[in-house]
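Input: a single structure, listed below in structure tokens.
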Amino acid sequence: MHDLILKKLKERFAESILEVAEFRKEPTIVVRKEYIIRICRFLKDDPEFSFNFLSDLCAVDWPERKPRFEVVYNLYSISKNHRVRLKVRVDDGESVPSVTSVWSTADWHEREAFDMFGIKFEGHPDLRRILMSEDWEGHPLRKDFPLTKEEVMFNYNKDRPPRIMK
Amino acid sequence: MIPFIIITLIKILVVFVVFLLMIAYLTWLERKLLGHFQVRLGPMRVGPHGLLQPFADGIKLLFKEELVPANVNRFIYNLAPILVFIPALIIMAVIPFGDRITILGQKVDLVISDFNMGILYVFAITSLGVYGLVLAGWSSNNKYSLLGGLRSSAQMISYEVSLALSLIGVLMIAGSLSLVEIVKAQDKFFNWFIFRQPLGFLLYLVCIIAEINRAPFDLPEAENELVAGYYTEYSSMKFAMFFLGEYGSMINAGALATTLFLGGWQGPFLPPVVWFLIKLCAFLFLYIWLRATLPRFRYDQLMNFGWKVLLPLALLNILITGVVILL
Amino acid sequence: MVPLSSYLILSAVLFTIGVLGVLVRRNILIMFMSIELMLNAVNLALVAFSREFGAVDAQVFVFLVMTVAAAEAAVGLAIIICLFRNRKSVNVDDLNLMKW
Amino acid sequence: MNVEILKKTEKPETETMILNMGPHHPSTHGVLRVILELDGETIVKATPDIGFLHTGIEKTMENKTYNQVIPLTDRMDYVASLSNNLAYLLAVEKLLDIQAPPKAEFVRVILTELTRIASHLWWVGTHAHDIGAMTVLLYAVREREKLLDIFELVSGQRMMTSYFRIGGLAKDIPEEFEPKVREVLKTFPDKIEDYENLLTKNRIWLNRTVGVGTISAEDAIDLGVSGPVLRACGAEWDIRKSNPYSGYDEFAFDIPTGKNGDVYDRYLVRLEEMRQSLRIVNQALDGIPEGDFVERVPGVVLPPKEEVLSNIEALIFQFKLVVEGLSLHRITQR
Amino acid sequence: MTETDENMEYLIFSIMAIVATVCAILVISHRNPVVSALFLIATMVSLAILFLALNAPFLAAIQIIVYAGAIMVLFLFVIMLLNLRKDEFGPERRKAQRFFAVLFGFLFLILLATAIDVGLSSFGQREVAAESLSPAGVENLAQVLFTEFLFPFELASVLLLIAIVGAIVMAKRKL
Amino acid sequence: MGLEEHLGDGILFTTLEKAVNWARKSSVWPFGFGLACCAIEMICTFASRFDLARFGMEVTRASPRQADLMIVSGRVSTKMAPVVRQLYEQMPEPKWVIAMGACASTGGVFNNYAIVQGVDKIVPVDIYVPGCPPRPEQLIEGIIKLHKKIEKESLKKKREL
Amino acid sequence: MFYVLKTIFWAIPRGLSVTFKYLLTKPITVRYPEKRLVLSDRYRGLHYLTRNEDGKEKCVCCGLCAAACPSGCIYMEPAENEFGERYAKVYEINELRCIFCGYCQEACPKEAIFLGKEYEFSNDRREKLIYNKEELLKNGQQM
């Protein structure tokens, strides 16, 4: 199935595919972000694939890479029972086209990715923070965000105020 | 004249004290019974089997800080609990709980006042009971309270109609509005109106549960929907008064049912007052049992049920009773 | 026995207060309540007469007055709700249009 | 979707009331804020606001070893902690390309199915409580206690068991495990019967649930709904059938589905799933194979305690594994 | 009728008359419509007690059930539904208007009192009918209502029906 | 506070104090307030097997106005913290707080940006119950400790913060 | 219609009969402070440190437990005694941070730390729930 997907995608969107990988029988296709909506719609609408279920949309931060972020789309077809993983790369400050028009469920996932990583999604109907409060500063899942909040209290430091890690 | 006044005062005092004690122990009974319905124990540690629990609750509430929310109309906010509590208290005045007895040569009716239109009095007072809830909801300046108040007023007014109509059958057979006369009309076991008016009894049961805001009709204070309904903002003694009023009307409803359908104080062997209490307790048990079992109605369903099912049935009941009496 | 005249005077006083309410206030709800007050005053007079003459006819009239009052309240309040919905006011002076 | 509704009402309705439900409200169980727009008693619009229970688990996981993450997965969905463990461990095991031994797989199936029952019980109980039938919650919790006893027996904790480990289980199952599970298997069907008697045919319950919250199968899939809710919408899809793991393909069980996708169907689906879970547990319990409870891959699984105390090599493994975490070069080797 | 009963009636009358008058004045003078409604209820209850004193217990009960229990709840309901703020009441009448209103009200009261005086004196001294002292029970009222006044009674029921229909038509936004 | 502010000192007062403390101890109505994992164990404590009702405590009030005890059960996120504080302030005096479990007491394992490191940073805590989540017995034990604390409290003294 | 009537007049009494059945059964409540449940052998409660047969503490302050701990609630400072043996000069566990996962017990190469069965240690002070070495050792003696 993986090969078929790849073949068809190469036929239709030859210029869009950047990289293809397979690990533990899980296919991953890295595509250009400009094409993501078209590819997603194609994968959803094509009766052979019918990826009607967006099981997850998330982001990964690679601080040393350029472009810095990867947005990962995990697609699943409930009727055909097969999966594919799409990735697009995006740098800090850039935006990715939103796939809410393809799957409604992408709405909250994209909000979460925005909240946690600061990736903007173009064409999203209501891109607000979802988990943190509106006045929160920073994007906590970026790798440069501090890991811990404060020191654990023990006897040697019980009287001084906890050091806030920032 | 003077002995009459003294006897009446004593009767009022005794009924008042017993009524308050019954309210207190009704809360205990409910907690205990609910516990056992749910295979647990209920209050155990405050006194033997938690018998002192109501007093602990009362004292605690008395010594709790009283919060009045900002921007409320204080006059109405303070008036509302009183308006709930007083009607519940004074309905007891016409409920007969025993036959005429002779104490120290004085003939004493075991009812505070044998008012010849007792049942109308009861209706009049219950129709006033709704004000407390509405005003509490409105004056608390809280949306949950307001919703609770609106719900309760609509619910009580709607069900009052069916409630009154469900009792017409009883009044038609008894031919009197006096509660004592109604009890006397049920002199034999099979003359109890529960047997002569089964449909009426069922309707009464449903309507009165709605009227006193008990499960499954406890929408005005449904914890899972409206936090605590109309008394969300009340604390301390004012809250306690809502509580007392509510449980008081539970007892009233039971007492009324006993009087109207279960032959009042009448029964063999035991003294009349004891019979009265037994029947009353059976009713209270029923309320708690229903609460332990049934889910809650939704508001629109409740209204539909009241107007589209209960009202026609009540009218039907009157029709049947009328036909039977004519024949 | 309290004479009939006392009841009638009380009734007259209440009626006058009702009239005053209608004249003085502009809040349509309170004006409406004043009307109810007037009806009540009349009821009192009727009941007092009924006892004085030992006839229940007057009580039948009270009964009918109450029915009318109930009907009036239902319709009147519905009108008020309608008005408020359209004008956002319960002040009679704002209700100066026959149709909108 | 909310935007659409607002557009449909042509002029802004002034008679609607904005009601802020939550973040703390008796029926939000946990914390959820919903901004409701009410027209009388009818909800015209509901805007959820989540994140009041956002725990930052992902951030905390960033500097933990693979083993240390297991207790965190317990706390993600705390009414079904073992299932969360399993999901995480399957991913890690796939990453390392190792396979838990059959005995561990059977125990995993038994425990996750019991967890499913516990979780569904919680759903039924709290749902009934929200609708006003408080007693069902108490009964459901009572039955759940029996399951918690089993979890405590095998792992030492009632809820946050951390019992599943990479490559198998933390410890072997104790002797009393089987009789205890058998007892649950024996008594539990009657309890489900009790819930059915209390709720299923009850007029009030039917009124409150039938036709409420209906979702069509297409919408459900589009919205990414899975699990019992999806099945209640009529889609016959279960991950245990479509992508069997931990040997689920060896057990016979049915996928219950609903028709209308309303709350009532979800309720029925969950009740039926509890019965099916019992069926699976029954089969698994009969067939627990002999053997080790963990695949002892060096560098991934802690060596046995006796070896650590006696063998210096095992001690070094222990140190490396605890301090550095499992060695990822295994992955590149294969 | 014994003397104590007579005294009792005087006592009840005077108390209730004062309560009713004071409450009625508060109805029209209080700013907050909810409080006004509450005082109107108080007036009605005191009138109901006067009805009791006037041997009309059925009417007293009906007064409370219908007026206080239903009509006024409806009033309160509407007030709560509108949930008026202070600024929505609008300006009240001017001082001069009020003064003249009170003046004419007073004159109206004098007029009424004169009418009562004239009317009562025209009856002359008359013997109080004996049956008037017997309680006007429900039976008597029902007897009259369902025979002599059957037509008005039925008319009243039609009126109520029309009122219900009218109220629903008006209050419902879209049918 | 309630009535007690109008009372004088004296022997009568100490007797009253004892009685009132007994009443307060015997009817601690908890606020129906659950946050996360510990809330599940808290409900288990209310349920049949452990039954907090024995202490007169099953009357969970949904409205803070009628509650005496707030059991902070579970992690408090920074987004939730102002709400917790507000709910605490809506409760009338006397009021008590139990921090149930590691997360509510100190933040527990979730030492990160999202979680308040101990609810005592926003509300005064009377009893800390360790455990993650604590067993129902552990919570009951904490409540018994709280009862002992209530018994010793003075009627006149107001609590700070 | 028949179905509707059945759901009212048949189902509701059945529900009532279920609750009534349980009214008559014995409550399952464990009356906790007086009676206790039997804990599982594997129960993970309050920590304790153990000693050798000759009374020396087993812990050599290797730091594995602290490294294994997901919540970082173990703190220790090593020192050497007069025989040149490592021991923990300071050994503290913040029981409020602890999530009782049992990883320290699994990691310990000396069988020095265990999770006991004690669970009644709530307190009104945060600081009192930081257990130092002496207290932990004392817990071990009580086991």
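Should a chain be cited, it is by its letter among A, B, C, D, E, F and G, assigned in written order, with residues numbered from 1 in that chain.
FYI, a contact is a pair of C-beta atoms (placed from the backbone, for glycine too) under 8 Å apart; a residue touches a chain by one contact, two chains touch by 3 or more.
All of these numbers come straight from a predicted model, not from anything done at the bench.
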item: Chains touching both chain A and chain D; value: F, G
item: Geometric centre: closest chain by C-alpha means; value: F
item: Farthest chain relative to chain C (centres taken as mean CA coordinates); value: G
item: Higher-contact pair (C-beta pairs counted), F-G versus A-F; value: F-G
item: Inter-centroid spacing, chain G versus chain A (mean Cα positions, whole Å); value: 39
item: Centroid spacing, where centroids are CA-atom means, of chain C and chain F in whole angstrom; value: 55
item: Centre distance in Å when chain E and chain F are each reduced to the mean of their C-alpha atoms; value: 53
item: Whole-Å gap separating chain B and chain E, where each centre is the average of the chain's CA atoms; value: 29
item: For chain E, residues contacting two or more additional chains; value: 58, 62, 70, 81
item: Multi-chain contact residues (two or more partners), chain C; value: 85, 88
item: Sites on chain G at which at least two other chains make contact; value: 12, 15, 18-19, 22, 27-29, 31, 70-72, 94, 97, 99-101, 126
item: In the complex with chain E, residue positions of chain C that touch it; value: 1-2, 4-10, 12-21, 23-27, 29-30, 32-34, 36-37, 40, 43-44, 47-48, 50-57, 59-60, 62-64, 66-75, 77-82, 84-85, 88-91, 93-94
item: Contact footprint of chain G on chain F as seen in their complex; value: 48-51, 54, 102, 105-109, 111, 118, 120, 126-132, 134-138, 140-142, 144-145, 149
item: Contacting residues of chain B [partner chain F, same complex]; value: 31, 35, 38-46, 50, 52-53, 55-60, 62-67, 223-224, 227-228, 231-237, 239
item: Residue ranges of chain D in contact with chain B within the complex; value: 17, 19-20, 25-27, 38, 41, 128-135, 138-139, 142, 198-199, 202, 204-205, 207-208
item: Partner chain F, residues of chain G touching it in the complex; value: 27-33, 36-37, 70-72, 94-101, 119-126, 129
